[in-house]
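Let me begin by handing over the structure; questions about it come next.
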Amino acid sequence: MAISLGANRYGKAEIRLVHVERSTPTHTPTDLNVSVALAGDLAAAHTDGDNANVLPTDTQKNTVYAFAAEHGIGTVEEFALRLGRHFVETPSIDRAVITIEAYPWRRLGPHSFQRDGGEVRTARVTVDADTQHVVSGVTDLVLMNTTDSEFVGYHKDRYTTLPEATDRILATSVTAAWRHHRTPGDWDAAYATARSALADAFAGTYSRALQETLYAMGRRVLEADDGLAEVRLALPNRHHFLVDMTPFGLTNDGIVFHADDRPYGLIEGTVRRDDIEEAPQAWTS
Amino acid sequence: MAISLGANRYGKAEIRLVHVERSTPTHTPTDLNVSVALAGDLAAAHTDGDNANVLPTDTQKNTVYAFAAEHGIGTVEEFALRLGRHFVETPSIDRAVITIEAYPWRRLGPHSFQRDGGEVRTARVTVDADTQHVVSGVTDLVLMNTTDSEFVGYHKDRYTTLPEATDRILATSVTAAWRHHRTPGDWDAAYATARSALADAFAGTYSRALQETLYAMGRRVLEADDGLAEVRLALPNRHHFLVDMTPFGLTNDGIVFHADDRPYGLIEGTVRRDDIEEAPQAWTS
Amino acid sequence: MAISLGANRYGKAEIRLVHVERSTPTHTPTDLNVSVALAGDLAAAHTDGDNANVLPTDTQKNTVYAFAAEHGIGTVEEFALRLGRHFVETPSIDRAVITIEAYPWRRLGPHSFQRDGGEVRTARVTVDADTQHVVSGVTDLVLMNTTDSEFVGYHKDRYTTLPEATDRILATSVTAAWRHHRTPGDWDAAYATARSALADAFAGTYSRALQETLYAMGRRVLEADDGLAEVRLALPNRHHFLVDMTPFGLTNDGIVFHADDRPYGLIEGTVRRDDIEEAPQAWTS
Amino acid sequence: MAISLGANRYGKAEIRLVHVERSTPTHTPTDLNVSVALAGDLAAAHTDGDNANVLPTDTQKNTVYAFAAEHGIGTVEEFALRLGRHFVETPSIDRAVITIEAYPWRRLGPHSFQRDGGEVRTARVTVDADTQHVVSGVTDLVLMNTTDSEFVGYHKDRYTTLPEATDRILATSVTAAWRHHRTPGDWDAAYATARSALADAFAGTYSRALQETLYAMGRRVLEADDGLAEVRLALPNRHHFLVDMTPFGLTNDGIVFHADDRPYGLIEGTVRRDDIEEAPQAWTS
C-alpha cells in the first residue's frame, strides 16, 4: 500500500474585473468575475514544497487584468479562450479552466448605468494542448408561471401526504449551461438565442412536472442552435404554498401564497444530441 | 437604584407573501416580504411571563395573509397602512410598524414572469391611535458612472496616501427612503417619480464627491414631489481601483479596474424641507 | 420653503484588520472588522463639492492600520476610543463613531488557530470634543433550550390559530449590547461577565414568553456589573415546529422538529437602570 | 440527429431537521440539513409529464422526518444509509444520494446549548441496488498559522510581480471529504480521527506552498485510518496582506495585515491509496 497524489489543480478564484470601453463618448462597461484553475506537473509542489512549476495565483490575476488592457474583452467566451490558451503555454501547465460570470448593466445615459439583476451570464472554457471546450450558460434567471402547472398521478407510498395539485405556481431559479460542439459566428448572438429559448420554453410549456419543463427548456435550446451538443439544467422548485384561509372564513382560489425558502425541490437533467460525442471533461475538469 | 424595562417591541419578521391578481387572463403577481412590529403595554410579558396582552406573532402572520385574501394588496403603502390600523385596534397595542420589501417581476407573457433584480421597493408605515407616518423607499439600486467623477482638494494629514483623482468610476448601491408629509393621490406614481429622480440625478451630476451626488439625489427627489418632507440616503462607495499596468509595459487610461469588496466608503445623509416639522419616530420607532 | 442638508456622516466601513502579537513564540491574533463614521462641518462637500473639510475614507483606513502598528490593539474598546479621539482632532470633524466586530480564534498551537464561530464580540464608541460613550456587545450568539419553554395565555382574535404550547424548543440568535456609564478596570473581563450572564440567564430561565427570557437576560447583565447603564437585546425567535407524525402512525413527543427560516418572531427590548441618564446618541449617532 | 434525455436526478434539498434525544433529563440535540437526490426510470416524467414513477419530493421530506421519529438518527452516516436503502426500494428508483450537513452545538446545561460555529460535519452516501459508498467530511473549518509559511522559488513570467515571502500568514477554510472503503466500527470516532488529523497536519506542517499543506493533510488522514481510500480537499487561500507602513514612518514586521476577500487562491487536490480502486460515482452521481 502506498499513499499518492491524485487529481489536483489550483488557481485564482473570483477576480473582479471591470473593463470600460471608452473609445467613443458612449461608454460600455463589462463587469466580470473571472476564475482560473490550472493543472499539470505539480506533484513536487505537493510532496516536496518545490514551486518551480507553480505559476503563482497572483500572476494569474495580473494576467487577467493585463489581457483586458492589452486585448480588450470581446465576448466572455473569447476572453476565456485567450486566457486559457495563454496559460497552457506555461511550462508544466497542461490544462487551464477559465470560468467567468458576467453581470449585466442597463444603460441610463452615455456613461451611466444601472446594474440589472435579472440574470448572470456564464462561460466555462477548458483548454489543453490539443483541444478546447466551451460551455456557455446562465444563472440566477428567476422565472415564475402563475398558472398552467399541475402535479398529479405521482407514485404514493406510506409517507405520501401531498394532495394532487391541478393549478399551482411554478417558480424556479434557472442554472443552465450548454456545450458548443462548434464555434458560433457570434458568441453574443448565440447566448441571446439560448437564453431566449429557455425563457420562452418555460413560459410556453404547460407543466405536468418540473421535469417536463426542464426537458422542454433543454430541447428548445438545442433546436434553436444546431451548434450545441448538450444542455445541463438545475432547477430548484421554489415552492409557493397556497395559504389555508378556512380558519378565517375566507376563500383562496389560487390568490395568496406563502413563498417558502427551504426545503426546496431540486430537478437536474441533461438534454443532448445523441449523435455528438459526450465530453465530460468540458464540465468537471 | 432599580432595574426596569425600557423601550420594547415585538412582531413577526419576513413574512413572504405572493399575491396573484387573476381576475383576468392577464395575471399580475405582487411579491412581498412583510415585517410587523408592535409596541404597547407589554411589561407583564417581560417581567411576569404574562401573555394576556400579547397578540402572537403567528397571528400577525395569519393576519397579513388573510388581509391579502380579503382586501387585496393595492399599493404597498396602502397595504401597510391597512395592516397597521388593524393592529393598533388590538387591546394594549399602541403602535404598529409595518415594513415591506416589494420584489419586481417583468412580464414575459399573460401569466409568465421573470424576476427583475434591478432594485427593491420599500415601504415603512408607523401607526398609532392618532397619527400615521409613511416612508417609501428603494434599496439595491446599483448605479455606476464611468466618468464625470473626481475627488480632489480634500484634507490631508500624516496618514493620507490617496492620490487625487480627476476621472474615476463612481458606483454605489442606493438605499434611499422618503417621508410623505401628505398622502399622494397615487402611491405607485409617487414611487416612480422619486425613483426616477434618484437615477436621473445620479446620472446627471458631475461628482466632485459622493456627498455632492447624495445631496443632488435627495434634492431632486424633493423638487419632484412637494408632498415629501425629507429623504434619507445611504450610499456605499463601491471602489473601483485602476489596475497599475506599468509592470507589464501597458497603459491603462481609465479602462481596466479591480472592483473591490471591502472596505468601502459609506456616505449617509438627509436632505429635507426646512419648513416641515421633523418626525424621527417615522424612522426609528 | 427651502431644501437643506440635514444630519449626515461618512466614513470607511468594514476595514478587515488582523494583528498578530508575536513578541513571544506564542503568538496571539486579533481579527477585527472596523468601521469609522465621522460627522462635522461637511455642508460644503454636499452642496458645492468642496472637499476641504473631508478627511478621505482612504486615510481613515490607513489610520486604522497604522494605529494597530504603532500602538497595538489592546482591547477592542480601547482601540476604538484611541481611534475616535484621534479623528475628532481633525479640523471640522466633531464626532467619530467607531464600530468593531472581533472574530474569536481558538488556539491549536503556539502559532496555529481555528476560527471559533460561536459568537462575535462587538464594540461601538462615540467620541466628540467633550464626551465619549462606549457600548460593548455580542452578536451571532446562537442559543437553544430543548425544554422549559411554553407559550400560553396569549391574546386571541379572529386570526389566531396557534395552539398553546406547554413544552417547546426555544432558540434564538442573540444580538445584545450594553452601555457603560463608567470605565471598567478591564474591558475584557467586563465582556466575559456580560456574555456569561446572557448565556446563563437564557439557560436558567423557565420561559413563558421570549420576552420573559429577554428581560431575564438583560437584568442578569446589569446585576452582574454595576458599571452598566442599559442593555439592548434583539432576539429572533427561530421557530422549531414539531412535525406531525400522525399520517405515518407515529408519535412525536417533542422529538423531531422542522427548523424554519422565515418568517421568524423578533423580540426587541431594553433593560435599564432608572437612576442613570439615558444616552440615545450612544446608539444612533 | 435526435435530441434525447441524458443523465438526470431529482429530490428534496435542504430539509432542516432537529432531533432531540430526551430519554434522560440530559437532552442531546442533532441538528441536520438533509438533501435527497434520486435517479431511475424517470424518462416519462421528462418527455410526457407522466409522474407514475415519481416519488414526490414532498414524500422524501416526510420520510426524512418520519425516519428520525421511528429509528432515531444515530450517526449521520447511518441515518443517510438507512434513508438511501429505503429510497432505492421504490419501484423505478435505482439510485439514491443522501447528503447531510450536521451543525454542532456545545452543551451549556442539561437541556441548554450554544451553536458552535467552528465547523460543519458532512456525509454523502450513494446507494444503489448492489453497492453503497460513504464519503464523510468537514466544511467551514477555518484554520490559520501566523508563521511557518513561505512561498518562494515559483515560476515567473512577464506578468509576475509577487515578491517572494519567507514568513507569511497561511489561512484557509477547509472543505475536505474522505471515502470509506470499509465500514468503521464507530462512525463518530472515525470522524473525530480524520478531523483531528486535518487540524494537526495543518498546524504541524512548515508550509512552502499551500499544496504542500494540502498533501500533508490528506496523507495524515489516510495514515490515521486505513479504512479510508482517498481524501479530497479544497483549500481557499485566504490572503492576508502585510500593510505597507513606510509612508507613515512605521515598521511592520509580520504584525498588521489586511484580510482580503477576493480574489483568493483555490487549491484542490486528492490524496489516495493507490491499491484501492477509485470510485468516481461516490462523489459525482
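The first chain written gets the first letter, and so on, giving A, B, C and D; residue counts start at 1 in each chain.
Everything that follows uses one rule, which is that a contact is a pair of C-beta atoms (placed from the backbone, for glycine too) under 8 Å apart; a residue touches a chain by one contact, two chains touch by 3 or more.
This structure is a prediction, so every number in the text was calculated from the model and none was measured.
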Each chain counted as touching chain A and chain D at once: B, C
Candidate from A-B, B-C or C-D with the same interface as A-D, over half of contact pairs in common: B-C
Rounded Å distance between chain C and chain D, as computed from the means of their C-alpha atoms: 31
Distance from the mean Cα position of chain C to that of chain A, given in whole angstrom: 38
CA centroid of chain B to CA centroid of chain C, Å: 23
Contacts with 2+ other chains: residues of chain B: 16, 62, 66, 159, 161, 247-248, 261-262
List of chain C residues in touch with chain B within their complex: 1-16, 35, 37, 42, 45-59, 61-63, 66, 90-92, 151-157, 159-162, 207-212, 214-215, 219, 222-223, 226, 230, 236-237, 262-275, 284
Contact set on chain C toward chain A in their complex: 158-159, 161, 247-248, 261-262
Complex contact set, residues of chain C against chain D: 16-22, 27, 29, 31, 62, 65-66, 68-70, 105-106, 108-109, 111-119, 140-148, 169, 199, 202-204, 240, 243, 245, 247-248, 250-252, 254-261
